[in-house]
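Two complexes, one shared chain (chain A), two partners (chain B, chain C).
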Partner chain A sequence: MMRAGYIAVWLAGILIYFLIVARITLFDLVVAPIISMVAALIVGGEVVKKPGKALSPKRWLYGLAYTLYYLLVVEPACHLRVASMVLGLRDYMPDIVEVPFDYRTDYAVAATANSITNTPGTIVVDIDPEAKKYFVHWLEAYTRDPRIVREKIIMVFDKWIKKIFED
Partner chain B sequence: MGLGGLVLTIIGGAIIFIGGLFDLVAALGVNKFPDFYTRLHAVTIGAIGGAVYPIIGSAILVFGVPGLSLSARLSFALPMLVIASLILITAPTGSHAVARAAYRSGLKPYRRIPGEVKK
Partner chain C sequence: MTGLVAAVSILIVLFALAYGLVVLGISGPPAPAKLRLLGEKYLYYMINPATKYFTAESPEGVSAILWDYRGLDTLYETMVLFGAIIGAILVYREYLHSEPGKTGKIYGLSLIVRAVSKIIIWLTIIIAVAFGFTGQITPGGGFVGGAAFAVVPVLLALVYTLGYARRLGLTHRRALLLRATFLLLLVLVIITPLIAGGYVFQNQAKPGSSFSFPGRFIDSTPLGGSIFLLNLFELFAVAGAFTVAFILLGVIASLKEGD
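And then the complex of A and B:
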């Protein structure tokens, strides 16, 4: 099982190498596996705990679909909302609110935190892993009801993140 | 330039232009917002709308540039997409680090008083 974790990181390293250099020469065919192997030996055991998940094509497809949805729908909407606040067209009520979550894996927690922070209007300022709560600085903190806050801030990512990292 | 190339040039150019506008809004926001936390939101507009989208736009634009081979286009576009992905993953890490440092050091967020006149 552990060996498959190293292989997953090794394959990802080779893929990223070829995407960055965008060419296939004999030099690259020799160097890419070696460099990726070094990276895999350093981080492979830690980064991937369940290689079956990391190598699942279904999860990668969900990841791709989520990225497209995130970049084409979620991000533009949030950018326009905060831009209108900057330009004085919309009011804002900034505060730090507690947002409960129910993820079991660190990957899902980190991916959701990244998604929240990457959208203007919400930034994760701290996390309580025991109480399963994010502390989020929110520009539209008109309510503190955890159910409504959770609905407004993380439910847009929730079903995708669970399909990619948990189910 | 064929019609497809023209469409890709327009789409890529439009995304880069919009990215420039987002950078301008981010700069205004950093000046206008009242405290550290709110300014971080403006910085996010600059990092995502003003960096990730224009990089993706330039990757699209290169497919509309006439006279380039497919390998030349790919050798430009693929690294651009990797860079955009890496910014998407790493930018929030930096934001989390500074926001958490501010929060744990006791920096209180600016709160609007109901009925307060907007700055």
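And then the complex of A and C:
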């Protein structure tokens, strides 16, 4: 089981190498597996703990679909929202609110936090992993009710993130 | 006793090198009365007001090449090293100024930083090693790769703990062994032509020696002869050397903090 994790990281590393050098020659085909092997031997066991998940094409597809949805739909919508606040067309009430989450994996916690921070209007300023809470600076903090806050801030990402990293 | 052995062996190596260089001429044929084409070009241009668009106004040829003719390369080489150091200082500052969490369990950087750092560390290793392997066809090379690799133990130690880096196998003993092994391989590449009847540090054929390191890979990708091997071995030697330095620094820092 452990070995499969290293293999997953090794294969992904070979792909990364070709994305970086952007050429395929026999030389690259020989050196890429060696280069990726060095990285996999050092951190392979840490990067991937559950190889079954890392090697699942269904999760990759969800990851790709989420990336496109995030960049093409969620991001522009949030940009427009904040832009209208800047132009005085929309009210705002900035405050830091607690947002509960229920992820089990660190990748899911980090991915959701990054999704929140990268969209305009919300920034994760701190995290309490024990109490499973993000502390989010929010431009529209009209409520502090954890259920509503959670619904408004992370439910957009939640179902995708869970399909990619959890379940 | 070991001190005496070390001192004597250093003396022997020094004398052998001096004898080889001066009397046997292992570094190549003695300087000819007439300059070779490449040397002539550099000497002609480096301090020559008559060629005002080419002169570096420096009688020191090596500096003229390093900081003028290939100045950008030197700049970026320096930037990689300092980038690595700045990154280390930044992470280290976060580490020093963070308070233990409410439970006292989480010390240092947050769960988010740690999760993302895992991937960054992995990518850093791939890029650093790729620098060393492809230095003869793309910018980078052994030293730059080694300097980039040096960030890895720093990140591991600061994002997680020094003990964690040790569990992954990054101990200072191993790093020393890595450095020594690849330094030895570097020396081997340098003296191989000498053993084959050529000159020390020879790459391709020279007057009086037809020895050449293989210049092309099977698919005719340029290998640069000894350049490929020197880049590769320097990568791991430099990575090992920096890793030793950073691990020792980390130990000193954690001792000071009473960690």
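General remarks:
Convention: the second predicted complex is superposed on the first by the 167 of 167 C-alpha atoms of A that agree within 3 Å, B and C clash if a C-alpha of one lies under 4 Å from a C-alpha of the other, contacts with A are read in each partner's own complex, and residues count from 1 in each chain.
Assume a contact is a pair of C-beta atoms (placed from the backbone, for glycine too) under 8 Å apart; a residue touches a chain by one contact, two chains touch by 3 or more.
What you see is a predicted model; the values in this text were computed from it and never measured.
Once the two complexes are overlaid through chain A, chain B and chain C fit side by side, free of any clash as defined at the top of the document.
The three-chain arrangement built by superposing both structures on chain A places chain B and chain C 80° apart around the Cα centre of chain A, to the nearest 10. After overlaying the two complexes on the shared chain, residue contacts for A:L72 are found with neither chain B nor chain C. Contacts of A:E46 after superposition on the shared chain: chain C is touched, whereas chain B is not. Applying the stated contact rule after C-alpha superposition, one finds that A:H137 touches chain B and leaves chain C untouched.
Look at A:L19: by the touch rule set out above, it reaches chain B but stays clear of chain C.
Of the two partner chains, chain C is the only one touched by A:V31; chain B is not.
Contacts of A:A83 after superposition: chain B is touched, whereas chain C is not reached.
In the superposition on chain A, A:I148 makes contact with neither chain B nor chain C.
In the superposition on chain A, no contact is made by A:L64 with either chain B or chain C. No C-alpha atom of chain B lies closer than 6 Å to one of chain C in the superposed arrangement. With the contact threshold set out at the top, residues 16, 20-21, 113-114, 124, 126 of chain A are in contact with chain B in one structure and with chain C in the other. Residue ranges on chain B touching chain A, taken from their complex, read 22, 25-26, 28-29, 32-33, 35, 37-38, 40-42, 44-45, 48-49, 52, 56, 71, 74-79, 81-82, 88-89, 91-93, 95-96, 99-100, 102-104, 109-112, 118. Only residues 9, 13, 16-17, 20-21, 25-27, 30-31, 34-36, 38-39, 42-43, 46-47, 106-107, 109-110, 113-114, 124, 126-130 of chain A touch chain C when the two sit together in their complex.
Contact residues on chain C toward chain A in their complex (touch as defined above): 101-103, 105-106, 110-112, 114-116, 118-119, 121-123, 125-127, 129-130, 133-134, 138, 152, 168-170, 217-219, 221.
The part of chain A that touches chain B in the complex is made up of residues 16, 19-23, 71, 75, 79, 82-83, 85-88, 91-96, 113-114, 117-121, 123-126, 135, 137, 139.
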